[in-house]
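Right after this note come the structures.
Note that subunit A is present in both complexes that follow, paired respectively with subunit B and with subunit C.
The block that comes next holds the complex of A and B.
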């Protein structure tokens, strides 16, 4: 369920330092998110396209991952074209679609997909544990990083327990429907899941104490900053300089 | 409901990020060393629970349970939900970096409100009272979240008014179901393991 299939490749993008990736994604997302002019968005489109070719991922897989993202965008398309005053394009009963509304929708869709694509290409090409490790190096609070490690580590375990419980329910003839019985059974099932997670956490903490845990997580594997990372850093820096130039000058 | 990237305006994004940073800091500060595995495992459980689908009329919806997250975790609901959403963004591309603040705030602030309103009531002796408090927490958690999502959209621009209304309408049936299920979960936990509700 939570394996990251894209993280296994062997491209330049996969070997890029996760710290660089996180910084680039953050900067790119924030600069693009509040942009409205097509010129700037066109320039911003270069980055994901180039990254895509560098990543050597298959286009079909990437498109498949992008589909759920566009659910919310689709919702906007149902309403926004009709919510703007302006030049009339077509009417649908009492609703008037305007040029301004449609253009606004296009810009939002474009922007949304640019940010998602860049995030997908940069972040899902690193294993999550490496990203969390990078967050630690980027000076996020250590408690937050520890929480992140544990949560991610135990999601598959809890999910296995959930699968077992729901299979047990199915074997006993449980069929979900719109009734109180379904809500009660689901409630008890989730309650059981929470209970087991709670009890497991106690065992984990005791095991940690038994092994001499004193509040620090030691890192055994450190990132190696390579020449390629410096080079990538310089290229990204120049690219962002261009983006800022277009945005504000 | 998660709001996509590139849709909200800068002031909305920034206020969301601000509230989330403060909430997360408060949540982390109150967390003792031995509570970290507990909070993390509960976060994992809530992450998995959010994949559980229940029928709603002819369609189905996934559980949100932010009211329950609030009751069990208090201010730690902020870091827990922040991590959950980050993982969803990284693994399934639901939401992204710039909306992380707003989306976390929209779910975690109602959770914390539910904590202050109901965490004492849940521990009361009578099972009925526990169930009612659970129902209200589940109901209110989703109601407030829906309202906050709608407000985030409307504050971005008046033209989002229709979408915002739809968001609230979609949340209406889910509130009741969340309420009922949260009620059952809380009653179950009270009977089987009351320590969990002690915090």
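The block that comes next holds the complex of A and C.
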């Protein structure tokens, strides 16, 4: 159910230390999210474009992953152009679309795509457990990291349980419809899933205790910080310096 | 006189909605013994093993392991270093991203050096014939593969005693045979297996108990 085809490649981007990637994504997302001026956003747009070429991913696949995000963005377009005071562009019944509203929407669309694209290109090119280890190394609270990791690890298990339950319902002739019986049965199913997930979490914890777990995750593979990572770090740093310069000077 | 490695006396435990699961149960396991416990579904087999590991606290009774009484979580930490428990559902046991890291989890918790852990991983993979699974993601393994990997994660702790909870449930004959052979070939192993598979128990155990009405019958 979960596959991560992007993480399998062999580009420069794939071999970059995940710690660098996480830091770059965080910094970039923050700086871009609080920016409004097109000039700065134009400069910010260079990063994902360059990353895309470095990643050697297929444009089709990348665009496919961008679609869901833009679904949300589309929702914004339904409301925001009409909710800003300013110069009138066109009217739709009682609603007035303003120049300010449309510009705001444009900037928002631009920003969210930049942030998402950068995150996608940097993070999905690392296997999940490298990211998890990197988060540990970046001193994130280990509970948060574990929560993130276990969510990832057990989604397929919960999904399999869901499939089993819904198949069990089907073979006994269950047909969803718009009626009380459907709602009640679906409620049972969801309740059962939560219950089972809870019980499983208890068993997993016991299994961990049984193997000597005392609160710390030790990792077998350690990252090797290479010269290339330092170099990449310097390049990213200079890039961000430029971004900050444009932003505040 | 030889002291039993695991000794339970007068263990009772009840669960809400299930009533008394174990009642005044006595059990001893000596070093080198290969014990099988047969019981029907819901007879308390899993509970019994979890009591030995300190994962469930009994309502009454005394647990002595390696000659010392164990009461609190703290006492059981040492126990868990030396007793390996194989869970019924391997999905509960395998939580690391790759097979290799799952096998390393226990030894790393014991603070073994990385070189040593690598050696152990190597050994376990060879012992169970799962070298080809090393880099696989745990959740993409088949049922039988998961069971073998789970067994490897337990053996990687180099336990003095093995507790196996229904090790052959839902396994094909080939994998069952592999586990059988492994258990029989490791002469020095001490273990206690609970199962309802009489055929399997007969092959791997030298002493057989039946768990019924919360007590063990010889």
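Definition applied: the second predicted complex is superposed on the first by the 249 of 249 C-alpha atoms of A that agree within 3 Å, B and C clash if a C-alpha of one lies under 4 Å from a C-alpha of the other, contacts with A are read in each partner's own complex, and residues count from 1 in each chain.
Here is the rule we go by: contacts are C-beta pairs under 8 Å (C-beta built on N, C-alpha and C of every residue); 3 or more make two chains touch, one makes a residue touch a chain.
Bear in mind that the values here come from a model prediction, so they are computed numbers and not experimental data.
Annotation: superposed three-chain arrangement on subunit A; subunit B versus subunit C shows no clash, the two fitting side by side. In the superposition on chain A, A:150 makes contact with both subunit B and subunit C. Once the two complexes are overlaid on the shared chain, A:114 sits against subunit B while remaining clear of subunit C. In the overlay built on the shared chain, the residue A:128 is in contact with subunit B and with subunit C.
Of the two partner chains, subunit B is the only one touched by A:69; subunit C is not.
When the two complexes are overlaid, the chain among subunit B and subunit C that reaches more residues of subunit A is B. Applying the stated contact rule after C-alpha superposition, one finds that A:98 touches neither subunit B nor subunit C.
In the overlay built on the shared chain, the residue A:210 is in contact with subunit C alone; subunit B does not reach it. The superposition places the C-alpha centres of subunit B and subunit C at an angle of 70 degrees about the C-alpha centre of subunit A, rounded in steps of 10. In the superposition on chain A, contact is made by A:218 with subunit C only, not with subunit B.
In the superposition on chain A, contact is made by A:80 with subunit B only, not with subunit C.
The superposed arrangement places subunit B and subunit C with a least CA-CA distance of 8 Å. For the contact definition in use here, the residues of subunit A common to its subunit B contact set and its subunit C contact set are 128, 150, 157, 200, 204, 208. Contacts from subunit B toward subunit A in the complex involve residues 1-10, 13, 24-25, 28, 31, 33-34, 36-45, 47-49, 51-52, 54-57, 63, 65, 72, 79-80, 82-84, 86-87, 89-94, 96-98, 159-163, 166, 177, 180-185, 187-189, 192-193, 196.
Those residues of subunit C that touch subunit A in the shared complex are 50, 53, 55, 77, 80-81, 84-85, 87, 89, 91-93, 95-98, 100-101, 104-106, 108-110, 114, 117-118, 121, 138-139, 153-154, 157. Across the complex, subunit A meets subunit B through its residues 1-2, 4, 25-26, 29-30, 32-34, 65-66, 68-69, 72-73, 75-76, 78-80, 82-84, 101, 104, 108, 111-112, 114-116, 119-120, 123-124, 128, 131, 141, 143-144, 146-152, 154-155, 157-159, 162, 176-178, 180, 182-184, 186-195, 197-202, 204-205, 208, 215. Against subunit C, in their complex, subunit A makes its touches with residues 127-129, 132, 150, 153, 156-157, 200, 203-204, 206-214, 218-222.
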